[in-house]
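For reference, chains read A, B, C and D in written order, and residue numbers begin at 1 within each chain.
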Amino acid sequence: MPITQDKHLKLIPIVYKDNMMKLTGIVGYPVTPFSHDGKSVELDKLGSVIDILLEAKVDAIAALGSAGEAAYLSETEWQQVAEYTVKQVKGRVPVVIGIAELTTTQAIKRAKHAYKIGANMIMVSPFSYYKLNEDELFLHFESISNATPLPIMIYNNPATCGVDMSPEFMLKMVSDIKNANMIKESTGDIQRMHKIYKLSNGKVPFFNGCNHMALEAINAGASGWCTAAPCLIGEQPKQLFDAVKQANKEKARELFYQQYEFLEFIVKSGLAAAVKSGLSIQGTPIGEPRKPLLPLTQSAQQQLKVMLMDLDSVV
Amino acid sequence: MPITQDKHLKLIPIVYKDNMMKLTGIVGYPVTPFSHDGKSVELDKLGSVIDILLEAKVDAIAALGSAGEAAYLSETEWQQVAEYTVKQVKGRVPVVIGIAELTTTQAIKRAKHAYKIGANMIMVSPFSYYKLNEDELFLHFESISNATPLPIMIYNNPATCGVDMSPEFMLKMVSDIKNANMIKESTGDIQRMHKIYKLSNGKVPFFNGCNHMALEAINAGASGWCTAAPCLIGEQPKQLFDAVKQANKEKARELFYQQYEFLEFIVKSGLAAAVKSGLSIQGTPIGEPRKPLLPLTQSAQQQLKVMLMDLDSVV
Amino acid sequence: MPITQDKHLKLIPIVYKDNMMKLTGIVGYPVTPFSHDGKSVELDKLGSVIDILLEAKVDAIAALGSAGEAAYLSETEWQQVAEYTVKQVKGRVPVVIGIAELTTTQAIKRAKHAYKIGANMIMVSPFSYYKLNEDELFLHFESISNATPLPIMIYNNPATCGVDMSPEFMLKMVSDIKNANMIKESTGDIQRMHKIYKLSNGKVPFFNGCNHMALEAINAGASGWCTAAPCLIGEQPKQLFDAVKQANKEKARELFYQQYEFLEFIVKSGLAAAVKSGLSIQGTPIGEPRKPLLPLTQSAQQQLKVMLMDLDSVV
Amino acid sequence: MPITQDKHLKLIPIVYKDNMMKLTGIVGYPVTPFSHDGKSVELDKLGSVIDILLEAKVDAIAALGSAGEAAYLSETEWQQVAEYTVKQVKGRVPVVIGIAELTTTQAIKRAKHAYKIGANMIMVSPFSYYKLNEDELFLHFESISNATPLPIMIYNNPATCGVDMSPEFMLKMVSDIKNANMIKESTGDIQRMHKIYKLSNGKVPFFNGCNHMALEAINAGASGWCTAAPCLIGEQPKQLFDAVKQANKEKARELFYQQYEFLEFIVKSGLAAAVKSGLSIQGTPIGEPRKPLLPLTQSAQQQLKVMLMDLDSVV
């Protein structure tokens, strides 16, 4: 059932898809714990992080995103983390697997692996060395879609991936590529979400990937909020999401501004480094990020500790 | 009563000021009608535009802003528009006078004039040729504040004025300059509003100057929305403002997305040109913008007409 | 005689114009001296500055540019400076008058005045409040061209004027507007000059307006260098220009790097403030820039003094 | 022998290093040929490309740079290309190996490999997912320097690597990191080169990595020009380099503008895609770039063919 073409606004016609998941709420991002020497992944500690997220009532778990340092893992490590996550979650919530590969061949390989191990969905971002044009991007996403039946969340994050995709282009992919079903937008520009909502007549689910824009993203119609924050502040992101959805305006604003400084801090400090430091402050040491990434400086750790105390997240 | 200094966040201490107006809601911006040959201002037609705004239930009238083409008026014309507006409004709502002068001397002269004729407030933006540094900006605003007792709304609009002022700097001016009481933010970056709210502990009133960001600005705590939109779509901006304030989330989102395309259009087409074309379409011809500004092209006028019809604003 | 259309490159066909001046070399920019209280222009001191430039062997004098604080002068002051400059120069070199007005009507008025008083050329930049589109820009320049027979140098300086004009668009104006004959490029992007040279087959004279890009601009084919630097460092800019033209590569590079820090400094500090401070250091006090512009801070003055000493320009 | 500290300019003190190579001239970049199905590297064809570069009189060969699609190769392929290049060049010119790895561990591994196989130098760029701060960057480069005795060319290319390093920071690394000896600058901002030259008193060799800025880079003091252009237009880049060095200003400008459109084209089209298409046009088909990279479109190929004909590089 295509959307009726509007006279003046060029609406993107979207056909509903059977495999369009009804995902909504908080999509939680675990970090990837490393051993003391940084050389290997510690899966049991990953289990603890996943448990923290599930206790924080996240609605899905997204492994191998930015927070999970996916870009810094070897092929084997990446597979271990993907498999372990699916097993640990045990179907309690959907598992999303992040795929950000430089070559299409490698992205397909990982997408197939995600399907094989029982993940529910993949989130694909076009990590790039050379800037990619829209023909290249389209073919990349289409090739991945053809390789597995998993629903695809198109993920736009130019700050890490080096390529920016317009709302119009991403909606065209949702329209024309079989499994491309939803969008995660992380530019921090609220107008992108307005465009997605308006051009798709509110029919294409989009998710907020910019932590300190959560309040307005949800108000603008975002289906969910992709965040590593619940690793450190528990149910508070979920409470914010629910307050907006329940039209509890004053409570939503209060919750947002309580978390605001923390949310901005973890983005600006680098999610992996910030969350790992925070877990250590909270008594769950899981190692450092992988070099060249460095842990937070002493003074940044102190700042984070004060913030976590203010959010009742350190005893 | 200064705001309590927070341990980690560098809050800006704000002393409450007796002359801090309790302005809230829609601040309406009239355009400035010109004669057919473009050489003179037509005050009676300005009266009609002001009446349209008052009928649209605006909470204040802001003369001589961007929409009013203040930058393109002669000294005499500027004074005529200011005086006429105050007389025409007759105290029904507060009158704000925009001041965007290249020299401090000229800005002081206009501020004094605004006070003399009975305006309630001035909105000052640092229109610039050379980029101004913070020392220059501070002294400019302070000199204007020393020249009249009128409350000052600090107006940040780098796109037209060529200077960008950070939330921190504007809050410092609110803190240290006697009559600097509130802020109008027009960068289109919602994070600026979060910063103003958070750093002032919600104590400094701020206004949204970016039309197509109205939904999130009000949700983020903006006291009001500065807009020329009511010139063309009547009470609809006021309804949106009220829906957000009344926590009517679904209605607010619906109203916002109804107006969204129109709001973006008038910003991107240039407010003066777009509003003047719109008024002509609606049967209130008030001339063209002043050259080098050109009226909307035929096809843009047609686009605008369709939008206005969709908003039930053309019969 | 139009340039032959190339098969693949879209060359802009340029018709040679009788009034295309053979201007080449250093175009010197005087600053505008103010009285102690800043309220009036001091014409006799302007005479001293013009003499300094002529002694520095500039090939033309450009009054009322950025360095001349034209944007901060009243109508009367502007006319006084224009007239005085033409009289003082007495035809020894061509006089260029800068025009950067917000309205087309005002720009035409000033262009006519420049012609009436005997200036040789006008340099027109589209100072803007609202961003102007190419239709608006074209009509603005065309209207000015129709108002006087003076040759026009199209001046692109988005940093001060708020509008950026592409090489392609400026060449189109040179092609289609009678008196538009040459271009001054101040973006600091050397590729703009390559484009002007290449697209016009080297036929359209262009001038460098970015001081610290002088070496490469002249190497890339610039006809001249528009600069206020000779106010402070005498013939050194001319020597650099000549060294490049005479293919004295080592000397050119040496001269450039000698002046480099100074050239960057006066741009970053604001030309008017920096040159006025420098003249004061050199024993020719001519007042301060007009507020909101402030003079250099003490420490910046000290920096400037050391640079001038290194350039043998302070005794 | 440290550079004398200047009174006002904060010169970076550089100690001369024994292993600072006297590299100068054209550093040629081979592309990496793939088999028809894109699955493997074709080493014999790589040999042909290297021969083309040597015939074009390049002064060094840089394998595994952007043009070589290093980011898209597997570990094994990367090693094959590195080894083959060293063997094929047989010491006729120095061999530089590009290293752009996401983790420090992986970068060290490749640096050691480069040393083991007899490369003369490594060119290290901080390819990134998370943005890296200066502490992270410094430690990354320092760790690589500690792992091998090979001289390091610090390579700044934010467009592909996602991190921008200032001239000041790169010079600090040259000063403080043992094997960091020279800089390749690819931002396209000529001011970066001025800063490197000026702050190091001309003592730190820097190379131009922005093809269409070659003329000014060499005039500004660049030791060399890193380019894949000789793959397609033979000795012409070398002739341009020599013309500038020999102060043959008119010839240099003529040669530059002859090549200009071609140089800009290959940068904007993507070096790997453009050079591979060009070689195919010239009768040396070496396959396509690796997906998601696509070959040039038909019309772009046609454009390239015309350019190559104009440069006498297609028969």
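We adopt the following convention: a contact is a pair of C-beta atoms (placed from the backbone, for glycine too) under 8 Å apart; a residue touches a chain by one contact, two chains touch by 3 or more.
All values reported here derive from a predicted model rather than from experimental measurement.
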item: Label of the chain whose CA centroid is most distant from the centroid of chain D; value: B
item: Cα-centroid distance, chain B relative to chain C, in whole angstrom; value: 35
item: Centre distance in Å when chain A and chain C are each reduced to the mean of their C-alpha atoms; value: 51
item: Residues of chain A engaged with two or more neighbouring chains; value: none
item: Graph class of chain-chain contacts, one of line, ring, star, complete, other; value: ring
item: Contact set on chain C toward chain D in their complex; value: 7-9, 188, 190-191, 194, 197-198, 202, 212-213, 215-216, 219-221, 244, 247-250, 252-253, 257, 260-261, 264, 303, 306-307, 310
item: In the complex, chain C residues that touch chain B; value: 38, 66, 71-72, 100, 102-105, 126-133, 135-137, 139-140, 143, 159-160, 162, 270, 272, 290-294
